[in-house]
Each structure stands twice: as C-alpha cells, then as structure tokens.
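After this come two complexes, each holding subunit A, first together with subunit B and then together with subunit C.
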Partner chain A sequence: MMRALFQTIRVHMGLSMARPMFQFIIWLSPLFLATIAIFIYSSASPEEIFHYVILGSGFMALWSSIVFSSASDINRERFYGTLEIIFVAPVPFVVILIGKIIGNTVWGFLSMVISFVYLMIIFQVEITIPNPFAFVSAIILVLFALIVFSFFLSLAFTLSRQAEALMNFIEYPIYLICGFMFPVTILPLWVQPLSYALPPTWAIELLRVVTVENSTFESIKIPLTGLLITTMIYVALGYSCYRAVERKARISGKLGVY
Partner chain B sequence: MEGILRFARHSFLSYKALFGWLDPKVYILVMVMNPISQILFFAVLVNYVYDGDDLVGYIGANALILCVLNSVFGIMSIITSDRRMGTLQLVMATPVNKIGLFLSRSLAHVLNGLFTSVLGLIFGMVIFQITIPLEAILPLMTVWMVSIFAACGLGLIIGCFSLWTPSMHLLANLLASSLLLLSGANYPQNIMPDWLLSFADFVPLTKGVELTKQLLNEGNYSNVIPLLSAEFILGICYFVISFLFLKYAEHLSRVKGTMDLD
Partner chain C sequence: MKDSIISVTDVKRTYKTETGYIKKKRRQVDALKGITFSVEKGEIFGLLGPNGAGKTTMIKILTTMLTPTSGKVSILGFNPVTEMNSLRPHINFILGGERNLYWRLSAYDNLAYFADLYKLPRHEQKQTIDDLLELVGLTDVAHQRVETFSKGMKQRLQIARGLVNNPEILFLDEPSIGLDPVSARKLREIIQHLNGKGTTILLTTHYMFEADELCDRIAFIDKGEIVDIDSPENIKQKTDNVSIIAFTVIGVNMEKLNELSRLPNVQHVQSSKQDYLTTIKLHTRSPQSIVPLIYDTMPGFVIQDLTITKPSLEDVYVQLIGGKVL
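Entry: the complex of A and B
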C-alpha cells in the first residue's frame, strides 16, 4: 500500500508538472503574487510585511497550486477517460487520490518557498523565525490540514459536476474569506463565522502566531485548536463525499459520465 | 450598410458560439462571480492597507482590470476554440478579409469587457458605499472603452501564439498577471522601479488605470486626451502586429500544413 502511495506521488508530480498551467502556478505565479503584495505593503511595518506579504503571498501561492490541481484532479481523470480504470484498480481509489494530493501539495510548498526566497533576494525582506522547531511543526500540521481540505474539495467538486468552473472561481473567495493578506477581523461580522469554518484561516493564523517573537503556548493554543477541530470536521466531510462518489460509481454506474 | 450589419452579425454569432453551449450557471460563476470576488478581494485589501485613502480610484482601477477576463482569455479563445473544434483551417482558408473577420470577432469581447468592468464598479460602489461624480461617467467610459480595445489587441497577439504553441494557458495567465502587476491598479505607480515603469508604458491598461484614478480621485481631466490618444495608438499597434502574426501563420499553414498540429 505504501509503495502504491509513493509511486502515485512520484508519477503524479511528474504529470502535474507536465501541464503548462501548473508550471505557471508553481514557478511564476508566486513571483507575481509576492511582487504585488510587497508593492501594496511598501510602507508597512516589518511585522506587517512578514505576516501579510511573506506569509500571505506564500500562502496564496500554496492555495493556487491546490485549486488548480488537487481540487480538480478527479475531474481531470474523468476528462482523460482514465477515472474508471483508477477506480477499479486493486489499489484503493482513496490511496491514489491521497497520493495525488500529497504530490500537488509538495509542489505547492515549493511554490511557497520560491515566494519566500524571491522576497528575500530581490526585495531584501528579512525573514526571522524565532522558534524554528515550532515553525517547522506548524508547517507540517498546516500541510496536513490542507491535504485534508483538498481531499474534501476534490470530491465535492466531482459531485457538483462543475469542477472546472468552481476551480476558476474559488481562488479569490478563499484569499478573501481566509484573510491571507489582511486580518480576518476586518471582514464584516457575518463573514467571520465562514472564515473560521475553513482550515486555511486557522492555518495562516497559526503560522503568524508561531513566528511572533516570545510566542507562548497560550498564544498558539487558539489557532492550533481551531486548525485541529476544522481539520477533523473536513476529514468527516471528505469521508462522506468519498462514500457519495463511490455510490455514484458502484450503484448508479455514473462515475465517468456524472 | 450591409457590410456593417454583417460585421455586427458575425461578432454576435462568434460570441454566442463561444458561450452558447455553456450552462448559465457556469457563465455566472466564471464571468460574473469570478470578477466580483476579485474586485472584492483587492478592494478590501487596499481599503485596509491605505486606510480608505483614494478608495474610489482603486475600486475604479480594479474594475477596469477585470476586463482582462475578456480581453485576454476571451480573445484568446477566438483562435484556440477554432483550433480545438477543428474549424481553424476553414477560417484561415476562407477568402474573407481576415482583418475584418477577427476585428468583428473581437468586438463582442470589447463590449463584454466593458460590461464586466461596469459590473465590478457598481458592485464596489454598493459594497463600499462610495459614489462617483455624474460628470465623470462619460469620460470614464470612454477611457475604459479605449483601454479595453488596446488590451484586446494584446490579447489577440497572444491568441496568435496558439497557432504555434499548445501552452496557451501559461501564456494567457502570464499576460493576465503581468497586466495586474504593471497597471498599478492596487498601488501608486511611482512605487514601481523605473525600469518596470518604462516597460509598463508599452502595456495596455496602465494609462487607463492612471486616468481612472485621476478622474475618480482628483477630478483631473487634463490628461485624458494625451494619455487616451497614446493608449489608442498602442491598441492600433497591437492589432496591426496581431494581423501580421496571423498572416505569417497563414503563410506557414500553406507551406507546412501544420496549423492544427502542435
């Protein structure tokens, strides 16, 4: 099983990078996002620049890679006519799907790193991480949460039948609602519950908190708990969607044409 | 008169053919909700960063930038959809004047781009409760029309690349991101380094964005004629270049017979 997972990750990373659009998302888009962000925040304090330019634009790059890959991978397989073959393969479909999402997330993380390095080299932005261990642990947790969220999105988009349109639409609303480049608290009160129901909001908040100097467990506790709870919720939602897709395939026989 | 009617009919039919097969839900998601979410994101961002200063100008500038959806992706689809559907050879082989043909097919996208931008502006005005002076409306629409025309010219050049390369999504997204960056829609243009500013002078929408900010923030109409003339000339140059590209592609297709191949 693990071999199948690793092979899927390896093959899918190659397949994703073969798509010109994905190449743009990983290699070039982070540079544009980071430049626009640094121009907008040109006269802001170093702390704001770190939170909203470096982390914000890096997270936007990561999110874009998820939107234009994981969220529509099942739909892409359907378009290629290979979805049914993957579904009936001896390796469980869920393993293949998770392998694809992990592969895309690795690329997305690279795109986030490109954004960091670009800002450091070209715009001489200082990146200081007071507690590297806490930061690396937070990054691992954040990537896990995003893999779970992508798993849910991928299946939910498949069920919606509008994967491509949703893929093109969902990029900016998440930037906005999850407060990638500004604090969520400036959004209208009625929007904020929606923000806090999404793992990316807690994920970026956690990264911001762990990179504050003298951050304590007390300050990390709230975003950490929020991220863990929302991730668990999306594990359950993802599982429900997976069962619904499976039902479409086995009972209705509509996996490839639904 | 018959020629003008044929031009308008062709424009309408070409646009209808592009979106006719789509579900209205898809059209609303891609052509209405998508631009609205983009303008909302940038408007909230600039409102937070600049503390509400010159917000009306930034919303107007971002509304203009929304036309990229039509002027880049829409215009590109004129050629890519023909290629995908296997009708490109017929279009290129027809004895009809190609300049008239592609201009007429671009017209609907210019108008749709204007509609998208107006929609974005109205949405921004409602959400942020801002108003624009009545006397600014006509100059603003003129500026937008010319800027969108120029952007469509550049979009058509990029569209021509689909006659040589299959990597159109990469090129179109590269152009769309460049226009967002170089136009200065979300920051004062003088923040950009000089070399980037010089480059931005040759990119459509930059002057349109600058004029939009001047009209809406300062009520300054003095630069409309010089900047708009420059934008119009830029647009004409882009269309001329795109027609030269089409001619070259036509020549290659006759010599090599590879127009529909990668």
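Entry: the complex of A and C
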C-alpha cells in the first residue's frame, strides 16, 4: 500500500510537471505574485513584509498550484481515460487520490520556497524565524490541512458539473477571502464567517503568529485550534464526498463520463 | 464438466437520467433486462450486439465498476458488489480505443505504475514487465513516451497493462476497435496465446469474424436481452440450411430491393452501399431456383460477383438482431 502511495506521488509529480500550464504555475507565477506583493508593501515594516509579502505571496503560489492540480485531478484522470482503471485497481482509490494530492502539494510547497528565495535574492528581503521548530511544525500542520482541503475540493468538483465550472474561478476569491495579503479583519463583517470556515485562513494566520518575536502558546492557541477544527470538519466533508463519488460511480455509472 | 467461473443470473440494470433545471424531466433506461449466462474456466466467451445493446454495462458490472439494479453475479466465487476487494486482484480489463494510458509516461513506466497499483511484488516487477513488453512486441520502444505510439501500439500496451497482475479472467471491451488489419490480427494472436496459457477471456466486439475466430461460445445481446447463446458453429447451423446469395450491382433503388424481397423462398434481404456499388445479400433455402429470378427481376442491371455461400456469423447476427433488413 505504501509503495503504491509513493509511486503515485512520484508518477503524479512527473505527469503534473509535463503540463505546460502547471510549469508556469510552479516556476513563474510565484515570481509575479511576489513582485506584486513587494511593490504593494514596499514601505511597510519588516514584520508586515514577512507576513503579507513573503507568507502571502508564498501562500498564493501554494494555493494556485492546488487550484490547477488537485482540484481537477479526478476530472483529468477521466479525460485521460484512466479513471475507471485506477478506480477498480486493488489499491484503494482513496490512496491513489491522496498520493496525487501529496505530489501536487510538494510542488506547491516548492513554488512557495521559490517565492521566498526570489524575494530574498532580488529584493533583499530578510527572513527571520525566531522559533524554527515552531515554524517547521506549523508548516507541516499547514500542509496537512491543505492536503485535506484539496481532497475535499477534488471530490466536490467531481460530484457536480456546475461546481466543476467554478474551479477555474476560485483562485482569486480564495486569495481575498482567506486574507493571504492582508488581515482578514479588514474584510466586511459578512465575509468573515466564510473566511473562518476555510482552513487556508487559519493556516496562514498560524504561520504569521508563530513567526512573531516572543510568540507564546496563548497567541498560537486560537489559530492552531481554528486550523485543527476546520481541518477535522473538512476530513468529515471529504469522507462524505468520497463516499458520494463512489456511490455515484457504481450506482449511476457515470465514472467515465466526461 | 468444466467449472463456471462467471455466473450471471437474471441481471437487470436501469439508468435514471435527469434533464433540465427547473422543470426536470426524468427518464429511465433499461440497459439490461434480465441477463443470464455463465462462462467456464479457460473459455473465450463473446458478447456480441449492436451499439447500446448493454455489452459495456455488462462488462462494467463484471469488473466491479457498476452495481446491477437486481439479479445475481458471481465471479470466481466472489460477489462483485460486496466482495470487490477480494475479487479485483484476480481480474483485469481492457477497454477499446487509445486512451486509458498515461500518454506522457513511457510504456515501461505505465506498466510499472499499474504493477504497483496491482500490488505486484517489486522483485517480480522487472521480469514481468519485460515479458509483457516482449509479448506485445514493444520491447524496443519500452522507454519512449506513449504519446509517440501509433494506435495499434497503444492498444497492445493496453493488453500488457491488463496482464500486469496475471489475471485469471480478462475482460476485453471492443479491444480491436479502430485497429488496422495487421494490428487486429496481432491482437487476436495475443488473445489466443493468453487463452492457451489458461486465462479465461470475456470479450465484446462488433467484428463477427473476430468473434468467429476467437470465441468458444458467444451470446448475442440486443436491447438488454440475450437473443441467443451457443458456439459459433452451432449458431451458424441454426439458420436451418439457409444459403446466402450475395452480389453487387450499380444504382439499385429501394423499389428494386422490395421486389427482391418478394421473390418466393427469400427469407431476408440485406443491402449495404459503398460509393456507387450496392452489395445485396438474399437469405434463402433454395438458392439455385432464386438465381435465375434475380436476373429476371433486375433486367438491365449489371450483376457482379454473384456467390452462393453458407451463412457467416455476421449473416446470423443480422438475421437475429437486424441491420438493414427489408
């Protein structure tokens, strides 16, 4: 099972990178996003630059890679004509799907790192991480949360053709709603509940809090709890969607219908 | 007596579809209306029928992709609806067409990945993949991307993919569709080779000569029901000493075809037109008496290539299921 998971990650990373659009998303898009962010925040304090330029543009790069990969992976397999084959393979479909999402997230993380390095080298932005252990732990948790969220999106977009049409349009709304480049608190009050219902909002907030000088567990507690709770909710939603996709496939017979 | 390893009893499958947003129209299509058959170990069994007959639906049920609406299915003693996890390692399937592969991977990488998905032990993988590539004649291009392959090569790679787990039963859904004659023949040789090694094969096809050459038994399926099921030889004999008079003419019209169908002892008339030539086939028990009548009915027409033959499987198929029949 683990071998199938690792092979899926490896194969899928290769397949994703063979797509010119995805190459642009991973290698070039973070440079544009980082450039826009640094120009907007050029006169801000180093802490604001770190929170809204480095983390913000890095997160936008990570999110773009998710939108243009994980969210449409099942439909892409359907287009290749391989969906039915992997669906009835002895390795559970859920393992294959998670392998694909992990592969995409690795690419997305690389895109985020490219954004960091670009800002450090070209714009001489300083990155200071007071507590590297807390930061690395938070990054691992954030990546896990995004894998869960991607899993949900991938299945939700498979269930509905109407939702599938939205897939290409959710890139920018999520930048805004989740506050990648500004605090969510400046958004209108009626938008904020939606922001807090999405794991990326808590994920970037957690990374901001753990990189504040003298951050304490008290300050980390709220975004950490928010991220854990929303992640658990999306685990449940993802599981429900998975069961629904499986049911739809085997009962309505629409697995291979593109 | 051989063992039945596939047993299908009174299987029905209904699809429900909806159209429209506000005023939804619901439609129910009965794809299978109570199918019963069994396949014996080591057999090549063919499911033949026109488009929309229910062949692919049947294959999907047998390969655990789809649940039947009612009825009982047993494959290798497993129920494909409730025991799919136990069944899947023992079977595999190949769909026609050139998709169903990762075109941006090499042939070798495709097989290695599917071998992992079928949990083939790593120490067996390399030898198995090398053997499969040799079987399908793709050893020389093993490390080329599939997108550079011809349709025939992709089809052969699909065969190799379907064999990565050395399945006891292989399901083939129109495997030779769109292949040139040489590739189609190579495919038939591979199927016969596999069967010789003991693999049970269930295939669907539109090509009657292919079914005639390969299958131990065939089932004609039409509108979700089995019309006949037997060996090709027995099915052909069921035409009750009917002979086929076939000939080609130029410029024949419907009225003339109607006249031919009214000749005494003519059971059936088929016609197919290609460019300006029309091939006409008359099914009759007394061909010698009909031939002069054909010439009498068609004065002024140049009748070419007139032959009298025993019915082929295709003729039987047309008689049982339809086609352009007058």
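As a convention for this text, the second predicted complex is superposed on the first by the 254 of 258 C-alpha atoms of A that agree within 3 Å, B and C clash if a C-alpha of one lies under 4 Å from a C-alpha of the other, contacts with A are read in each partner's own complex, and residues count from 1 in each chain.
The definition used in the following text is that contacts are C-beta pairs under 8 Å (C-beta built on N, C-alpha and C of every residue); 3 or more make two chains touch, one makes a residue touch a chain.
Treat the numbers as computed from the prediction; the structure is a model and nothing was measured.
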item: Side-by-side fit of subunit B and subunit C on subunit A, or clash; value: fit
item: Subunit B versus subunit C as contact partner of A:Leu166, first or second or both or neither; value: first
item: First, second, both or neither for A:Leu15, with subunit B first and subunit C second; value: second
item: Which of subunit B and subunit C A:Ile129 touches, first, second, both or neither; value: neither
item: Minimum C-alpha separation between subunit B and subunit C after superposing on chain A, in Å; value: 11
item: Residues of subunit C defined as touching subunit A within the complex; value: 15-16, 57, 60, 63-67, 84-85, 88-89, 93, 95, 97, 99-105, 109, 112-114, 116-119, 122, 161, 165
item: Subunit B contact footprint on subunit A (complex, rising order); value: 19-21, 23-24, 28-29, 32, 35-36, 39-42, 44, 162, 164-166, 168-169, 172-173, 175-176, 181-183, 186-187
item: List of subunit A residues in touch with subunit C within their complex; value: 1, 3-4, 7-8, 11, 14-15, 18, 80-82, 84-91, 96, 249-253, 255
item: Residue ranges of subunit B touching subunit A (in the complex, touch as defined); value: 23, 25-26, 29-30, 33-34, 37-38, 40-41, 44-46, 48-49, 166-170, 173-174, 177-178, 180-181, 186-187, 191-192
